[in-house]
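Letters A, B and C mark the chains as written, and numbering starts fresh at 1 in each.
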């Protein structure tokens, strides 16, 4: 298991350098615009933009498995909707004796493009942002430091807990607990793990809580940050662009 | 100046019938290096927790008496407030890693960020403790990738960076190999020479004898004795308290080699060596 | 047949990072200590002995059985190990049940398992805690329970991984006595520890691991006389040995008793 739960891919591209908050805003805007302007080409246009960002960030290859997976699911939706969508009237085409209808296909298509759009926008966020930076950016903007800590520590503690399970397994196997074999054996092997895992986690959590306390975690002082990101002009420009696009969409919607 | 003043401290954990601390009183001066010894469950860890405020603020329970750290009353301040004056390093290095940071460097910064230390000063302090605890080559490593001993040095570094006036350590070298232990003791001794007050619980009795200014012997929730190592290890009923005098002391005791002037036995290797050499010379 | 035979053992967790670099060792009945700095490969080595890890190259034979041909559970009948952290192991709500878990797993009958468990608890001086919940006991008592759990399995080979950490004087005496008792009963005891004084008192043989290789293997006094090699492995001699060396004695003294007897005889 990886040392930290993170999909972040280390690269040095412009997209990577964009402020995490802006990437969150991008996701929000990408999700909102197709809803505000429900034209088919809007979602497709946004998908193309996201793809170009992903290419710029050199992480496109990581996205492909995700795309493949969603395409499979979406394809099944397209088929089901094409066949059975309520309001199917207009025939689109036949395959053998099975009839696909325009309304269903259209609906599924819109749905699919929206889903892919959201996934790609999220992919940009997740693949090009270090979780710790993202969380720290949120904390700087006002997210409770406690909550921020819970999030960032979970990313490392969960893998640790998984390897702790390994140590516990080792200790019990050492005492003759059979873990290899048929399903019944393996299920039975599960029980001697529960107690130690739970107790271990409780004890560790408590000890860590004490360690945090004595590192002034609950101090009322205004926190400072070791990693101070310069507020680049480009950050503000990007934010401006995003808000403009959003506003423009709303305006267009009202007008049209 | 008295950095630690404890007066008739009594404490009982919640759900417990017996007092863990039964009326402890002592004082520690600035810059002293105090060793705390005694059998398991004597109350040593509880005392450490009482010094930093975990007792009673974290553990709750029944508490009476007073503990003053650099003049601050533990009962009247919270743990974060006290952490400016007093730091603590626990036994388990693993659970002292916050897990919120990805590098050793940032891990040390954690406490400093909480304290609101300005960035330049943060960097200064981090670089200093990296050097002091010999962690420089690990500064970009993920804390969880360190060995047990390295993790413990990291825990110590993280506390020292907060620049407390007093540092409490509860068996900090239990997971370290002999070399690692030695490095930690040397680092702590240099801190104490810089005027930081140290209170350390340890089982490695030879190290306690070598490095500490005074030794506190605890048993069953009480302070049995609090004196310089030579006097503590002179006692012939130490085994009753679950403590064995340093081997150097015991050797000289068995061979009846003591310092004629003070009537005390040596407690360190060098002292034993010198005394035994002189003893041989006197004999011949 | 050797109790344990290790032939050209190599092990890596990941490609390119060899933890153990070709170890050849045999073990029979000498009480053995394995020492070395953190990261030298001690824990990895004993895990391989237990079958918890399988060699990347080379073989390990436990009483003639290759560790790659048996499950860990099957090997547990021959070779028991007391792990460092008792919390990794304890899960039953009664001490006696906890101790009986191992013996029952390796197919001792219920009566036999109970008998062995009670005896083991007696040795650890925990007879009065037989029906208590392990979690109500202190950490050091829980450590003693884990030792009892392995003793009750009556394995031919017993491995202790850092048994003296967090033990006070009384705890150490108990553990020392157990190691001696096991050795007297003909069991092979292997101990990993950082406590050189402890090694000097309980081991007949010492193996020094450094960076995945055995750099010293011999009787306790042979090994502890080589302070130059020990230093290169970031280890020290036991305290009394250091003192005697400084005083100029040629002989390597391992314990206080040994030295005091010698000095008193001298006079």
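One rule holds for everything that comes next: contacts are C-beta pairs under 8 Å (C-beta built on N, C-alpha and C of every residue); 3 or more make two chains touch, one makes a residue touch a chain.
Bear in mind that the values here come from a model prediction, so they are computed numbers and not experimental data.
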| said: Let me check something: if the centre of a chain is the mean of its CA atoms, which chain is farthest from chain B? | reply: A
| Which chains, taken as a pair, are joined by the highest number of C-beta contacts? | A-B
| request: Report, in whole Å, the distance between the mean C-alpha point of chain B and the mean C-alpha point of chain C. | output: 29
| note | Taking each chain's mean CA coordinate, chain A and chain C are separated, in whole Å, by 47
| chain A and chain B: spacing of chain centres that average the CA atoms, whole Å | 45
| field | Junction residues of chain B - those touching two or more other chains | value | none
| remark: So chain C residues touching two or more other chains come to none
| task | Pull out every residue in chain A that's touching 2 or more other chains. | result | none
| remark: Per the touch rule, the chain A residues reaching chain C in their complex are 164, 167-168, 170-180, 191-196, 199-200, 203
| said: Quick check: in the complex, which residue numbers of chain B touch chain C? | reply: 38-41, 91, 147-150, 171, 174-180, 203, 206, 239, 242-244, 246-248, 250-251, 254-255, 269, 272-273, 276-277
| Can you name the residues of chain A that touch chain B in the complex? | 3-4, 130, 132, 149, 152-153, 156-157, 160, 204, 207-228
| query | Which of the residues in chain B end up touching chain A in this complex? | reply | 52, 54, 58, 78-81, 83-84, 87-88, 90, 92, 94-102, 106, 109-119, 122-123, 142, 144-145, 155, 158-159, 162
| said: Taking the touch rule as given, give the residues of chain C at its contact with chain A in the complex, in rising order. | reply: 47, 50, 52, 71-73, 76-77, 80-81, 83, 85, 87-92, 101-102, 104-106, 135, 149-150, 153
